[in-house]
Amino acid sequence: MMLQGWTLPQSDTGRASILTPPPWHYSGEIIAVDFRADPGVVAALLPPEIEPAGDGSCTFVFADWCSASDTDARVRDDPARGQYKEAYVVCYGTVAGKPVGRVPFIWVDNDLSLVRGLIQGFPKKLGQIAMTRPVEIGRGGVRKALGGRFAAHVSSLGRRLATAAITLDEEHDKLFPRGIATPLVHTRLWPAVDGDEPAVHELSRGTIQGFELGTVFSGSAVLELGGSEFEELDRLVPTEVGRGYVHSAAFSVVGATTTPAARLPETGASA
Amino acid sequence: MMLQGWTLPQSDTGRASILTPPPWHYSGEIIAVDFRADPGVVAALLPPEIEPAGDGSCTFVFADWCSASDTDARVRDDPARGQYKEAYVVCYGTVAGKPVGRVPFIWVDNDLSLVRGLIQGFPKKLGQIAMTRPVEIGRGGVRKALGGRFAAHVSSLGRRLATAAITLDEEHDKLFPRGIATPLVHTRLWPAVDGDEPAVHELSRGTIQGFELGTVFSGSAVLELGGSEFEELDRLVPTEVGRGYVHSAAFSVVGATTTPAARLPETGASA
Amino acid sequence: MMLQGWTLPQSDTGRASILTPPPWHYSGEIIAVDFRADPGVVAALLPPEIEPAGDGSCTFVFADWCSASDTDARVRDDPARGQYKEAYVVCYGTVAGKPVGRVPFIWVDNDLSLVRGLIQGFPKKLGQIAMTRPVEIGRGGVRKALGGRFAAHVSSLGRRLATAAITLDEEHDKLFPRGIATPLVHTRLWPAVDGDEPAVHELSRGTIQGFELGTVFSGSAVLELGGSEFEELDRLVPTEVGRGYVHSAAFSVVGATTTPAARLPETGASA
Amino acid sequence: MMLQGWTLPQSDTGRASILTPPPWHYSGEIIAVDFRADPGVVAALLPPEIEPAGDGSCTFVFADWCSASDTDARVRDDPARGQYKEAYVVCYGTVAGKPVGRVPFIWVDNDLSLVRGLIQGFPKKLGQIAMTRPVEIGRGGVRKALGGRFAAHVSSLGRRLATAAITLDEEHDKLFPRGIATPLVHTRLWPAVDGDEPAVHELSRGTIQGFELGTVFSGSAVLELGGSEFEELDRLVPTEVGRGYVHSAAFSVVGATTTPAARLPETGASA
């Protein structure tokens, strides 16, 4: 039988595949904190194709997403399938002189998103993410408004990896926070099982449409990064914590462009 | 050492107690479906102090809460502590001729809420709850607006207990959905470990302040209840499914009033 | 209707109650580490009825339990119901000159066990516990034998609370490790909702039968305790780490004896 | 910087990569049930390279694994990393006349195992798995011995997918249960993001060493398969349930051999 399905598991119908191809749509709530880390560490996390910004600038992002797929109505229809939280760090650099972001580490709480991320080059692992969800009435929660205090944290394998809090003190009209607005350059990497060279090794940029932000609030922020036997996030311990941002964001991924990844530097200079 | 703490664990400081006393504040998002079940089954789930409504009327409620406590700032400050989802059924009856609701079964995904519920008489167990979270921009999710389709489900010990979906077709100005607006009468029950009679057995009503609703949307609904070796929810299988409701809700619990529960019926008539 | 059920939820059948009365049976695998903490802190965690040992001696215990109930076959029949892991600390003292243990803090990953614990006076919260499970064949795991390295950890709300490892270097014939063999004295505490005094406040000792140990292995150990906004465990940071123990254990709880807890010290001497 | 790491995430050190290359070692406890399903459905789940057995024969397997890696000591050292449970179905067929097994569907509770599986061609999704863990003393659990009743179940996204129970009535000396002993043929599939053809599409067989079984017990079995919007497992609803098996198993995966997968049938007959 020819099997159907964009990903595993395949079958004659393809109905059980964990993922169908893009377009994929995302609408979410963001809690993000700009910070600086040791520029040498940031450089050590970038592939040779990305020139480090040099100032150690990074953003730690928490996101609570609702996602949908043009090719699978179940993703939006079942909240257990398409909704998830994730936490990641963006390091900044340039490619051909233009600003790009790189996500060296990311954790997510949903397997569809984990696989969808790996396919795009997001290096996703599972984690537990908690984020302040704003409320509109009553005294049980926090308003998305000046004075509101938003907190978020992520842990994995029982280790707290990042803890952030932002107290909103400014409402912006036309601000595009760097953490969400900078184009990301990923490495798609999938190992071979019968040879040393990867089966897939390419740089990838998502093709984004319909990028949209809600009202952006910003505020003073705290950010702590913690250690784990399995992670390297704490090498990016903040030397300086910048502003924090709370806002809605939305976009669609309709595809991607790829180029072969540099496996061996030509001169060895960047090794 | 005299130990401090409203609940276990106690210590000299009481700082680790899972719960501090009210006032407790709640702000949440509700997805609820009115339905009718076998009136005999509904009657079988009510204590003798509550007269069954007789028509088998019930509401299945999903709620995504943010909670806070006047006596413990950590509940609101850490989203992993004060935020949670729960799912429950309300059966309707009367006490002294006035309408009351009874929650025979409820599942929650947070231990603070589980214990806070048991103390009030909510018969909480752990469950996994998923609910459509509305979005304000983009195509990744559903708008809380006419035409929006909201879904929710709860499972426990790997069994799907309830699945609901509502397609919003009406916006209300001054509607108080029965599932959230009817006063609840609970049974506080805590066993003895060295005797047959319970250590605590009393009827309890929460003292509610600041009850508030956001805009109420309603729509046509579907509701399915499923079985489990550990549950009786499916005895309430809908004979008729009514309207569904999607709205914000908020209130505070500032205390409760209690009366001893009837342990033995005087005439046996209600046994 | 007179409602049935030893605990909530009650119904005409009582079939959905989360718990039925003892006898309860336990068979489990233990990973435990003896240690000493600041004797003043240990004293601060004991109720006035327990005289501190004075040397700050404690044991941190991880346990992977299978449990059963004479009054509910479902507990043993469904592995998702009766099986669970927990992690707790035992502090040592005396009552009337006889050694007792006190569990000031405990975390568990199962709601039945959480409620069963609270009823007995174990101050249970939810946590995530991981423990080395020994294997009998192959190279995928660790043998319960000399040279085997057993590890365990517990986290709650994304914070690592305790991490232990033991390398087995001795097999014992007739050793009863203190952490599992010392009788425990709990405080049963259940708040009132309409008054200041607790509804239940009593000291409780389980009535244990059929206590049994498998072969006990011991070894050199490491133990780290970590902090959390919600916990006080790290006040017990080890000043000295003793031996670690790995063994099977089993017993039955057939009831308990209780005495009223001291609410106000007569002389204030122990406050 | 040339980045290191067999999988994502990569860095200059490669220390955070979720996975390092084989050899990988596995030691586990198996609960498995042989059954027959509609032969037409089984055939519809096999790739064109596998000839269906024709009799609809399958095995449903639950496994509780401890795993280790020669290239990453952390996998064995931290029980939260290398230990996991999984549940899968094996369908039987032949390649070049020799018996092979195919795993069309599998669920696992650990992200390292999920990615390690996808790389080998196991179509893993996340699920919650519960399995009777045998005990050696006491009355809290079940003995791995004649008369013991072993149960297991798996759920995903709140739907119970499979429920099994086996009552042991025979101990075997030299039995190799088909579910664990048949060589598996997987499809490694990884999508492209900028084209229609998969980036990786090949058949793969693991290179197994050190295969070992503990004492095999068998017994009469029950097996129920359930439905989910996201799965097709219930198409394999048992038409006949065979024997169940409980035993330890161990092996090492030291590599794999692959061949390109058939993308287009030569005659179209099987499309």
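Every chain is named by a letter (A, B, C and D) in the order it is written, and numbering of its residues begins at 1.
The criterion applied here is as follows: contacts are C-beta pairs under 8 Å (C-beta built on N, C-alpha and C of every residue); 3 or more make two chains touch, one makes a residue touch a chain.
Quantities reported herein were computed from a predicted structural model and do not represent experimental measurements.
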Worksheet item: Does A-D or B-D have more contacting C-beta pairs?
Response: A-D
Discussion item. Are the interface residues of subunit C and subunit D largely the same numbers on each copy, more than half shared, or largely different?
Written reply: same
Worksheet item: Using the average of all C-alpha atoms in each chain as its centre, how far is it in Å between subunit C and subunit D?
Response: 35
Item to complete: Return the distance between the CA-based centres of subunit A and subunit D, expressed in whole Å.
Response: 30
Worksheet, complete the sentence: So, in whole Å, the Cα centroid of subunit B is separated from that of subunit D by 40
Discussion item. For subunit C, give me the residues that contact two or more of the other chains.
Written reply: 78, 80, 128, 130, 153, 158
Worksheet entry | List of subunit A residues in touch with subunit C within their complex | 128, 130, 153-155, 158-160
Practice prompt. Sort out for me which residues of subunit D touch subunit A in the complex.
Written response: 1-3, 5-13, 15-16, 18-19, 21-22, 43-48, 74, 78, 80-81, 104-106, 111, 114-115, 118-126, 157-158, 187-194, 199-200, 204, 229-233, 255-258, 262, 264-265, 270-271
Worksheet item: Okay, in this complex, where on subunit B does subunit A touch?
Response: 25-28, 64-68, 76-80, 82-83, 128, 130-133, 135-142, 149, 151-153, 210, 212-214, 248-252
